[in-house]
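Look at the two complexes coming up: subunit A is in both, with subunit B in one and subunit C in the other.
Take a look at the complex of A and B:
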């Protein structure tokens, strides 16, 4: 009994070969279903995507199958000014969103450390509520708040004497439309960043902060030399996550601007892809754009994946 | 510490202002949904509806396809989350309890796949589901198609978070059960499963929220109004052709957000989020 239990605890020391084979195959059997599903719903589609990108593939070919045309789709996309303009616009859009999210999130986290307990609880509840809002719901609320006739945003800005915003249309120019999308996205993304950073701040050793203060360091110096180094790893991860999310954003921009008003001048990559693929039904060209976009995201995600894998290795 | 008295008062004021700004859109949604149509259409806003009306909620739930699409959403979400949890749990056990060749590759793929934007896959998934090879099925405009997509969408993070919960269970407990004569499976069922149950609940709630909120694939794959999910239904909500029915829209938005918010409040603390797990040791 005792011997058997000992053997069970030290698993691999079994004399019988077939037993070792069986227990060796257990983890593979366990991951098999996940691998099968991801293979069928992700890997195989990516393979199809590559193939479609090399084909002439429109609504008509949906029945007959595509016609191989080599790199023509890529050629066409890469010589399209709309692609490059959209890419550039998306990079700027992403930079603004990420900068505001990470900067704002850090400030909120630092603020949460300084306020009284009850204010902290109140702000946390607010953050969690915002975090929980479904994106499509948030879009509709934004539509209502920014609406031309009687949106509350125009009213408040006018009342605060920021200017005369009565009847101001926020979706008149591409810049202004995308700025509204930025506010929506940053608002929705701030809670995750702020709450995660606040948790990380609790890791900052008190003694270090006090020691720095005794040495005469104040405010910014304490933050830069004591707090920031502790936050750095999590800041890197949050930044790379935000970049990946914002670069691939679709729902908020597409629904906020609204289908009829979506034009090349206000495209971001996700919307561009949707319009090219779904609306104009040129799947071959859409596939080429998808691959270019996925490739950019894949390159950008290398850093995040490597960091997370290191976490997985340690445990 | 030093920050007592006046500085703290100042920070509190800033904190309250921040709270007001962040919460305002949520407040405005709820407040609007209880106002009368006159109050809503007035140029001067009414901040608090002193005489709340339920008229807009009635309007929203009696709008065509509301209940059909709620039903669709519930079916899609429950089936997708159910399947995903079983599969993810098995894989999470493998990652947490076994060392095996290919483990690292599996982790890399899992985390990498999670970062791919769904929008990049709309074309091949549409083509694939419009004509499923071997089976010869057309899953476009069927709930099954969306379910399949959602299962694969929530799998990566579910595996990753469940693995985290499994790692939190002391190995000694499992070993103690085996010393008592249990097989590995017996130990697993009696010791591991109850201990990891809170983690399973938290992960499935998070998967639930993700699926409930999903828009792109529901919009892509479901065309009939009676087959759509509730987010797509909401995105089409405008009211009459002349003017948007803001009251009804906000009432509907509130109704759709409620289940998500409730569930989110339940698990927010538990899910220290697989996405950053390990980077913050709470």
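Take a look at the complex of A and C:
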């Protein structure tokens, strides 16, 4: 870059100015429509969100409009013990989901490289089918499988003599309820990670692997020193995306546990937000919570985004 | 050739535009009354809705009624959105426990002056009327109620030597013990009830003279930790432990539905809304019976939760008089009798006729009419308490104290 610019300065010519202006503004012109669309569909809602978060806005204000109360909503949320407990629970929940998704996805991707052609096709079809299933339908299937009375899970575990699971309630405690939600979320997220990583694995140069093997490296060592560095940029992207998705997850947790069993002890942030905003009809507090969530998730993913950008720069 | 195609397309477009505009103008000529009813009406008594619409449309020339069916799970969120958009329906069906919050928020029109317009309004069921009143003013019209009954297998009870419906809770317990002794198959319990089904469980509290909360000196006071309430909760714990499956302690009545358990031959009796008899399974229809849950006081019935619906006119509706007229048509004596015929309790005492449903409605309890009651319900405070009691995680007293404090706090929010 520097050398090219230097060369240009040495031979100043008139059209160059125009060329420069043009080449400088073209990228901006190209990006303008996107910025305009994003501004229209994102900026206004965000402006409204911020405004409502600074207002007393409940059922009473739906007709009359909100009343400005400054930072009171944020203050009340940050002094709510449920918020802090939920936040901690959600961070752990997210870590488990993301860890299991990325770990499991990597293993499946590595498996796909090794297996024969038709097995790969079968596994890929399976993955795509999982991916194609809407979360609401998946929740229904999970509910059937884990049903106390007639669930196939209890039946199979009992028949296999794993233990007496007759009439076992998989949603007895907050921990077990959330564990069931984790299985559902990880199951649904695996295909995307596995398929993306499989594609990335095809970028690992064969020569490098062979060279490492000639040098005596085996299995784990080859993976760690040859495969992993190539996968890294993709892993950063997948991890930061998974954090974003899992931290704000709502559908699977809320529907699987079910409204009658949703209590502060099993809240995750998405559910907490829903309960405060829509069930208690306190839209001001709800807006404050969603802004806090945005800030938290931004902080959580900053590490990965920075690594991602750095990887991009090196390349 | 290409031009001809273009011409055809242009003509088609022009025609459809004309059709659309004429359709619009013909719609604009008439008036539409938008009514939100719950799907129960669509499934259970569509003929009543049709009769009301016909009566209304014949007395209001140029009007037509657009009934939109809603589901319990999300109708309030949808309603909130219409309030914000100033596009509410003209009539809305509300669950009786949902009314207070909206009355307090000024979402419904005050119809106190129009009360006499509605049939049997002097004899409305006390439980429903109470749910339609806020600060002494009327904001809703009682629609129908449903009480809670024991639905049981007559063959299994008879087979265990139980010939008559129990007269007291103690007798019911011993009857269930007899059924249990006779049927010892795995997964079968003589009684099934979801442990956290508070509508049913808190009947024990009211039976022992307790309550959820009381109002005095301008404040709500949680009352579940009172001596009488604790006696009721203790009786519930004992009753549940003796006859119900342990695994149901933390379950709710939505999943699995008690009638499903019944229809799968896994229990001899369930406790819940009277309409449970609908779905006890083809095999058992002929051996399904119902009786009113007995009180711990011999010869009396246990007060049951009086669930039900009211009809209200949103304050933002532009057709207030028409909305009231439709409600009057919908809750006419004839229509209420038709509702009764399909197993509901009609909205007025003079229409009761001694069916098991109606008898159950005579002793009933209702939730505190506080504007934040819905938050207690949605926060699952009562369910949490019941789960803690039945699993033994907390003592009855400790669980009741925690719930009671929670309820006081929630109800007294500004």
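Keep in mind that, in the parts below, the second predicted complex is superposed on the first by the 256 of 315 C-alpha atoms of A that agree within 3 Å, B and C clash if a C-alpha of one lies under 4 Å from a C-alpha of the other, contacts with A are read in each partner's own complex, and residues count from 1 in each chain.
Rule of thumb we're sticking to: contacts are C-beta pairs under 8 Å (C-beta built on N, C-alpha and C of every residue); 3 or more make two chains touch, one makes a residue touch a chain.
No experiment lies behind these values; they were computed from the predicted model shown.
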{"item": "First (subunit B), second (subunit C), both or neither touched by A:150", "value": "both"}
{"item": "Subunit B versus subunit C as contact partner of A:95, first or second or both or neither", "value": "neither"}
{"item": "First (subunit B), second (subunit C), both or neither touched by A:78", "value": "neither"}
{"item": "Contacts of A:67 with subunit B and subunit C, given as first, second, both or neither", "value": "neither"}
{"item": "Which of subunit B and subunit C A:123 touches, first, second, both or neither", "value": "first"}
{"item": "Which superposed partner A:275 touches (first subunit B, second subunit C, both, neither)", "value": "second"}
{"item": "Partner chain in contact with A:135 - subunit B first, subunit C second, else both or neither", "value": "first"}
{"item": "Set intersection of subunit A contacts, subunit C complex versus subunit B complex", "value": "62, 143, 147, 149-150, 278"}
{"item": "Interface residues, subunit C side, partner subunit A - complex", "value": "73, 77, 80, 83-84, 86, 101-102, 105-107, 186-187, 196, 245-248, 250-256, 260-261, 264, 266, 315-316, 375, 378-380, 383-384"}
{"item": "Subunit B-facing residues of subunit A, complex", "value": "1, 5, 8-9, 24, 26-28, 30-31, 33-35, 37-38, 40-42, 44-46, 48-49, 52, 62, 108, 111-112, 114-116, 119-120, 122-123, 126-145, 147, 149-150, 152, 155, 187, 190-192, 196, 199-200, 202-203, 210, 213, 233-234, 237-238, 241, 244, 247-251, 255, 270, 273-274, 277-278, 283, 286-287, 290, 293-294, 297-298, 301, 304-305, 307-309, 311-315"}
{"item": "Footprint of subunit A on subunit B - complex, ascending", "value": "1-3, 7-8, 11-12, 14-16, 18-19, 22-23, 25-26, 28-29, 32, 40-45, 86-88, 90-91, 93-95, 97-98, 100, 102-104, 106-109, 111-113, 115-125, 127-128, 130, 148-149, 151-152, 155-156, 159, 163, 167, 175, 178-179, 181, 184, 209, 212-213, 215-216, 220, 231, 234-235, 237, 244, 246, 249-250, 253, 256-257, 260-261, 264-265, 268, 272-273, 275-282"}
{"item": "For the subunit A and subunit C complex, residues of the former touching the latter", "value": "58-60, 62-63, 143, 147-150, 166-169, 171-172, 258-265, 275, 278-281"}
